[in-house]
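So that you can tell them apart, the chains are marked A, B, C and D in the order they are listed, and the count of residues begins at 1 in each.
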Amino acid sequence: MTVRVGILGATGAVGQRFIQLLDDHPTFELAAVTASEASAGKTYREAAKWRVDTPIPDDVAEMEVVETDPSAVPDDVDLLFSSLPSDVAAAVEPPFLEAGYVVSSNSSNDRMAEDVPLTIPEINPDHLGLIDVQRDERGWDGALVKNPNCSTITMVPTLAALDRFGLERAHIATLQAVSGAGYSGVTSMEIIDNAIPHIGGEEEKMETESRKLLGSFDGAELSLHGADVSASCNRIPTLDGHLENVFAELSEDPSAEAVREAMHDQPSADLHSSPDQLIKVFDDSEPERPQPRLDRTYANGMGIVAGGVQTTTDGVKYNCLAHNTIRGAAGASILNGELLVEDGWI
Amino acid sequence: MTVRVGILGATGAVGQRFIQLLDDHPTFELAAVTASEASAGKTYREAAKWRVDTPIPDDVAEMEVVETDPSAVPDDVDLLFSSLPSDVAAAVEPPFLEAGYVVSSNSSNDRMAEDVPLTIPEINPDHLGLIDVQRDERGWDGALVKNPNCSTITMVPTLAALDRFGLERAHIATLQAVSGAGYSGVTSMEIIDNAIPHIGGEEEKMETESRKLLGSFDGAELSLHGADVSASCNRIPTLDGHLENVFAELSEDPSAEAVREAMHDQPSADLHSSPDQLIKVFDDSEPERPQPRLDRTYANGMGIVAGGVQTTTDGVKYNCLAHNTIRGAAGASILNGELLVEDGWI
Amino acid sequence: MTVRVGILGATGAVGQRFIQLLDDHPTFELAAVTASEASAGKTYREAAKWRVDTPIPDDVAEMEVVETDPSAVPDDVDLLFSSLPSDVAAAVEPPFLEAGYVVSSNSSNDRMAEDVPLTIPEINPDHLGLIDVQRDERGWDGALVKNPNCSTITMVPTLAALDRFGLERAHIATLQAVSGAGYSGVTSMEIIDNAIPHIGGEEEKMETESRKLLGSFDGAELSLHGADVSASCNRIPTLDGHLENVFAELSEDPSAEAVREAMHDQPSADLHSSPDQLIKVFDDSEPERPQPRLDRTYANGMGIVAGGVQTTTDGVKYNCLAHNTIRGAAGASILNGELLVEDGWI
Amino acid sequence: MTVRVGILGATGAVGQRFIQLLDDHPTFELAAVTASEASAGKTYREAAKWRVDTPIPDDVAEMEVVETDPSAVPDDVDLLFSSLPSDVAAAVEPPFLEAGYVVSSNSSNDRMAEDVPLTIPEINPDHLGLIDVQRDERGWDGALVKNPNCSTITMVPTLAALDRFGLERAHIATLQAVSGAGYSGVTSMEIIDNAIPHIGGEEEKMETESRKLLGSFDGAELSLHGADVSASCNRIPTLDGHLENVFAELSEDPSAEAVREAMHDQPSADLHSSPDQLIKVFDDSEPERPQPRLDRTYANGMGIVAGGVQTTTDGVKYNCLAHNTIRGAAGASILNGELLVEDGWI
């Protein structure tokens, strides 16, 4: 089975990562790349300033870029990936949905909307059921699915694993890579020999998205998880890979070993891009792991790596890490696309 | 008034910082520099591989290094600063104390001993009274005073300020500079494009030392503060300046503004090396501060800088920063020395 | 004597450095700060995003920013410093010169014009005589003086010292700091764990400006120096300080010691901002110096530091270093301003 | 055909790279790993602190480490790779050669010995003929072949390509990665926000080894190439990949295009680890390449990448780059091993 896919905003940093990850994908066949009006009509090679560490796939290089408009995208495209800036996405996604396209979007707009599924396929695949609610309410033929922010996705699989012990509260400090801000988002003058303890909007995303992802869907309505989540976000001089320190307050009193087992046993999904082992867990013998440069490519950048699990007086503390531009962005949208196909929405 | 001082372990990284900070000190006159047997008899210039960013003071350069032994240090030296590795210090400090020297030590041994004052002059100067207990118990003529670890000292002044709102629990994540591990402690292969979520022994130091510093001394015995402290320590690619994210649980419910005021009003000490304003607080208009490279030299590296104060459901979160090799090491010992003089122990 | 000065383009990165360096200057009193129309009317504090590592001087913070136009600058300003982008400077400097202002400019336009003095006060102060030629030819009441590019200024004092041995050819490789590209010129994604062997236009600047600086002025015409200069320019992950490897072909055959002496003896100028010792020279005992982080602040950032001098079969090789945004930009213009005053042009 | 190989000094940084590169090698089967006496008897997993970015191959992990002594290595091992420190290698290699082993060594001792071939298979494979001379003179049954230093190997293929235009002189500045100094060779305090213009012994290696590699062997004696080579070596904050700026003086006067063609046409070798295209050349449209992080993995780290070719008044200048721990160390020795097999020495 082949699914024809398109990329909205294909020339940007995440758009390039989509193209890299879709190369040789067994199911998805890239059939359309869109960009702003200024790029329409050019070949992709001309339109994009390619910066990914593997060459542009030859066939994509010669593909014609079209405008980000439903009328410009072929009708036989079944699935669109979107990595537009959130203000652009807020304006552009609705027309595609009205026109009947299924959109798997990495853009931050509408993530918390009550009728928009925010999904990590290994964690809350059932939330896709919200698509029915969404179609009812909005009258769309298409469907809109979102994946969470890169810093949220890094920790949520570990929090899901902890929830069997009664997750009540989580305090998280992040050490985030510069690529999360886009190619030009952090200047070298800002970050060499430095760290920046603030990333605009990031803390709120972590605090709200995580409660939605861990929430429950009864077929009609989604309830947020009751845990209280509080985050402090820092930018540090790493290229890729978000590292996070988590302090979790639990109602039960598990041992560090029980927590490691719960993380290790957290099920993965049976999808092409899902890791065999969702969470790789380092034990006490390697307390200095995970580290961004050494662990960000685990499972081709789609895995979560945890370590440093220790009990505290009110629960546990530990560290977790994921590749922010693969598992945390383009790879997350592609994985949601795979789930949409698997569950028959496409 | 002039106090003749010596430095135990004067050729190492912290030893060099002592020499830099003591240059032009109004009260302390450097009269002795000690090192291992191999260096004894050499001039300081010959013995030390000088790496501080200002030149060796001329008079110190020509000073003769003596062995780290009471018999080698002139009797008229009133105060010794120590920055020896903790295992060396544990062996070497007692003979000096028996010989009657007053020692202000940055070494980590004995910091938690019941009869050893662990002091930050602006926070718990009264703990110096433990010296009487110490002399009673150990039969020393001298006196041993310790300053806390660099990561502890960064946060404790802010926690002290918060305690008026009932500090019950603190979760802290640190982003620590490589200089904290000594000149060769972190290799470039380890830290370029990377972060390391573990520093051996550091978390425990933060968790125990902070409770002693915030504890109360009734003239006979010291009670630890009741707050629960839990830390996760990370090394990042910065040269100097530890940045920390603090999540504090409070019994009261202050506004962010009230917390900023409490920090701003936290009193400094009337000592030469104390800042006029102990804690500099950035408000909401500059949420991206403090930053290590921009803020570590506040008050000549002796100040604390805080920012990003926000309320949470159970208290507040905020960030704080201090220069780890000045306020967090050599400067801390010198400041304790100034307090010892001020309070008449010398 | 007090000279009232203004800064054209005062809110940019170099403009901020001008303000920092002019604070407490014994002769120059800052009387006007200009910026683009959008900033005119604001206070300097409002108009500038201040990023220098010392606070904005209080009096400057409250100064009103005026438009970069002769009619907006008070008539009693005697000297203008300019750090505008070269295309803006090319349009804006002439009206000021026609209006009679003396302009000491760091902008790269017109540096190679035959009637514009390009000066390093310690090296070719006599080239200021070109002002007479300039006034004759252009009919200006004012005067335009340029300082060279940051990478040029780093090596030229050492080449001048070598010229006593007959400088015939120089090959230079640069290791340049990111601040040379302006605050946002180099992104962190470009430079972490990387180097970039190209800086647009930089090589040509080094090759032509150096020959003008080392050239001779006979009172009427300036002859370029006959040496052949060839450069390769690299950007590396340092914040400040350009390091350069020079291979010089000489007609004579001096020893390394003779070359070091020539550099050490290269005279400085008797101006406020000139170092006492123009070139600090490391000898064989410290072959690993100069280094950007350790040596860029020599002489408050206005000195040149050299080292690693070794003979080759056709001359010598050595390394040199200067602070690119002080000696290489704002400081260079201020120093030219001091020379203009000293020589009576103001 | 399978060749049983061993690694002398298998637990060090280069030793680990050997193991990584030999995994899945079509011809070489790892049969022995040696280390110092302290490690003998342990499994490789126990003995090595593994730091390479792929896991230890399972079979190697369980292999028993033996002492670095001919009596401890099985007789049926045909080829030994060596990456011992040069002083250790100088003592240890001769006994292995006397015992009849063929040794392909990355250690720097004996590289310039008159009867030891120093080879890059694509450049001077005929120099292997020196083995006959070596056996005659030394009475060895074995054979010793060396590969050059990492900084030498980066430029020599490009110099070989240039030699058709009459290479007379080369000035080279290097920007070398920290991995070249070994895992702990460069501390983070030395190199963050810094560069070091000196690497002990490196310049001389580049100046002498290159003339031997480009020299001619008449079957009996090797003549050094007549070109004069002068190098300045710098350490910069990159992890892997040496970048070099070359200024070459030529007797002919080729265009930049002719030089690019010569480099592009420089033949590779028909060996497993040789790239299809030995030198990848960027043209004028991408003057900012090659860059360490973007280009070091070209041809699995075994290729050379060049760019920025421009004519000068006496020849050309250009930049070149290679992966220092693959093409510049372990990969170079393995490639020499492949040549030894191909030419029938094993």
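Please note the rule applied: a residue touches a chain if its C-beta (ideal position, glycine included) is under 8 Å from a C-beta of that chain, and two chains touch if they have at least 3 such contacts.
Predicted, not measured: the structure shown is a model, and the values here were computed from it.
The chain pair with the larger count of C-beta pairs in contact, out of B-C and B-D, is B-D.
Ranked by distance of CA centroids from subunit D, the top chain is B.
Taking each chain's centre as the average of its CA atoms, subunit B and subunit D sit 48 Å apart.
With centres taken as mean Cα positions, subunit B sits 42 Å from subunit A. In subunit B, the positions touching at least two other chains are 192-193, 237-239, 294.
By the touch rule above, subunit B contacts subunit C in their complex via residues 53, 192-193, 294, 297.
By the touch criterion given at the top, residues 51, 178-179, 183-193, 237-239 of subunit C touch subunit A in their complex.
Partner subunit B is touched in their complex by these residues of subunit A: 169, 171, 173, 175, 192-198, 228, 230, 232, 234, 236-239, 243, 245, 247, 287-294, 307-308, 312-314, 317, 319.
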